[in-house]
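Chains here go by letter, A, B, C, D, E and F, matching the order in which they are written, and residues are numbered from 1 within each.
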């Protein structure tokens, strides 16, 4: 069977930590769909279109990865893509708790879907989109945190 | 590609929580190998042979699952079986921490191997082999905790 | 002595997880007062009146339970009701930490009051009012998460 | 109804942290039974008889508290005493996890029993029987950690 | 060498828990600089000037402590003060996780800076600026939580 | 004042994670004393003499570091060395909890001593002496986990 996995998130912006999980997912799934959530109730720095573009730029070198946006329930999006697995990275205890609750809720909404977790690589355990935005907002160095194409977009965003 | 996953552990004895993770693994992997560790430095209630037999009885109804024992490093066993993924269930924070360390160490030992985690189903979050042994040792009711075939073996073990 | 316990919260809306803790409280306390906090600084989906009505509907079948709203300090409300115990459900580590801090602060404010905790039942460990609202907002199925009367109110709220 | 609570443990030896939970339990239960577990598989510094004697000395000033030993399942002991509540103190996350598992297992073994938790008082959050034994074994000062009568017994034990 | 440590935070307002960490820092560092962050994106009850004044009043009796405000990256502020250590108090697991991420990010931004942590004293483990504000806002007793000079300012703030 | 810090532990054997904390300590303390505990109740793979020798070999390139062994209470050893700070590395939540308890107990035994914590570097967060021993015992590759001199000793130990 062709195994399709969904990597969901806000990706505001996509970080090297996200890319690490996406790349590692391609080794154990035939196809990986990065699902960028359009959640109007959550204020984002980048528009949905910008987030999709940044993700496309960042995964350019990876095969079997597609970038898509979605709104509404993740389980509906996953099923529409023929996926049976949702892949999430875990960095810390608080991730664990939140993801544990989401995994069980999603299982309740669609019990044919399985959420699987990968541990963040040690060098990315401290990394989050919000930390990247805070550092960039103060003019700090964000190399090594996001892809070069994303760095350029962050600099432009905060230069305005 | 044929995706093979390893479900490793001591399985002393195999519980319904283990079986839940094994069964869910069969939905997203083509083949699941349950690897029962022969770790002489860890005292077990059941012999390695008994643990293998109990596991075979318990997974009798599941397709694409094989039971094997191994000694030495898990990464060597996984590679020998052509697996690219190790599957572990997470029940709690302490599981998370220990498994996080094991996953990184195993990645260091063999970086072609990925450890993926599934959340224990809510009804099995409180369940461990050691709890089962303690209850059985005091003559308590272990139905709903281990398979019927395993219940019988536990009763015989403690009746001696 | 007649033991009175307070079950405090926002109950926006009351979930089956809340009801489980309330019902279990009635087995070990003579009287249970559900205290719905009127906290103007916390945005709620439902008005205080709606939250009180939903809670009343949901506990209709339980004896020795009353629903009341309060504003200000919980300790003052508890003492005004003659309660010596505050009952809280614990679902996860983050609950634990927050509740630990609240329990010590409340003890400092009134040392005749004791906060006692019960573990959420496994099937409700993933459940929160905010998750219910998010699912309902996306049109997902909320049966098994809140009482039927509450389901109807949520559907009406999001249909507007 | 007369509410009876069980405070179970090894009490090897009883600490001021245990006594704090026991005393606070007497404020919200009519009768508190301290249950000292006779668990032959767990090596103890003090014999069961010594642990019972130390506990009796330490609770001498508290009304409505009795000290009893038990072997086997806690749920059987609790029911034999007519208790509907087991009271446990929580000091830390690792306590939380272990106690969470035990509470669910005990509920499975006897669903008429409820486990309730109290947060350890701040000054006792760092305190455990094993820490007391380690300090006493090195000749350190254990005042403020255990009752005076217990201090004397620890000094005699390590003087031998 | 003269060891300078930075104690950073919002201090909205400074609590007895903050003061405890600051005082303990003076015992192992030659000079302690309390850095009050001017973070426009974070709504504060007190203005930056008020927070600086409150902190100055509260540390009046401590030698080798200066109060300064800063905006922008903490690492830049620390280096400008000749500090090689940032001191943070840890109260709880969630502190630990957040501080762990900040420490690694700050190390990445300036690897000559080290973040060191001290455990909050038990009597202040439940204490936070936001809890103080909530209690004061409801007219509760805040003695024992903040310095007397700070109590007066809180009362004036909420009397308006 | 000359600031002396103690880095205590079993060091059975010393790992690159320990060395990282020791080296970082030399940047913010004038002198660092590595204290190797002689705890007869804790079974060690290496004798106390071997652990001291391995540590001396491993810190050979670091200035201002001395290796000493001690038995009994850490607080007594620290005071005898004129230290006012104990430095510990934190890798994970379980470290945090245990170290939190030890820090408070040590403060109670000697309130002139302060325990300060540093976060383990990301690449060593998964590393422990016991993991090293387990991998070495199975013949796995331990380069990148311990110093080269330590690797040789581990190989000899397990070759016997």
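Here is the rule we use: a residue touches a chain if its C-beta (ideal position, glycine included) is under 8 Å from a C-beta of that chain, and two chains touch if they have at least 3 such contacts.
Just so it is clear, the structure is predicted and the values come from calculations on it, not from any experiment.
> Compared with chain C, which chain's mean CA position is the farthest off?
F
> Pick from B-F, C-D or A-F: which pair repeats the contacts of B-D, with over half of them the same residue pairs?
B-F
> Indicate whether more than half of the residue numbers at the chain A-chain E interface occur in both copies; give same if so and different if not.
different
> Go ahead and align chain A to its copy chain F using Cα positions, then give the rotation in degrees, nearest 5.
The superposition gives an angle of 180 degrees.
> Measuring from the mean C-alpha position of chain B to the mean C-alpha position of chain C, what distance in angstrom results?
38
> Quick one: chain E and chain F, Cα centre-to-centre, how many Å?
Roughly 30 Å separates the two chain centres.
> If I count partner chains per residue in chain C, which residues reach a count of at least 2?
Within chain C, the residues that touch at least two other chains are 93-94, 100, 103-104, 122, 125-126.
> Okay, what are all the chain pairs that touch?
A-B, A-C, A-E, A-F, B-C, B-D, B-F, C-D, C-E, D-E, D-F, E-F
> Which positions of chain A touch chain E when the two form their complex?
92-94, 125-128, 131, 135, 137-141, 144-145
> Write out the stretch or stretches of chain E touching chain A in their complex.
Those in contact with chain A are residues 41, 72-73, 75, 93-94, 97, 100-101, 103-105, 108-109.
> With touch defined as at the start, can you tell me which chain C residues reach chain D in the complex?
Per the touch definition, chain C meets chain D at residues 1, 3, 24, 27-28, 30, 84-85, 87, 90, 93, 96, 99-100, 103-104, 112, 114-119, 122.
> Using the touch rule from the top, collect the residues of chain F that touch chain A in their complex.
93, 122-123, 125-126
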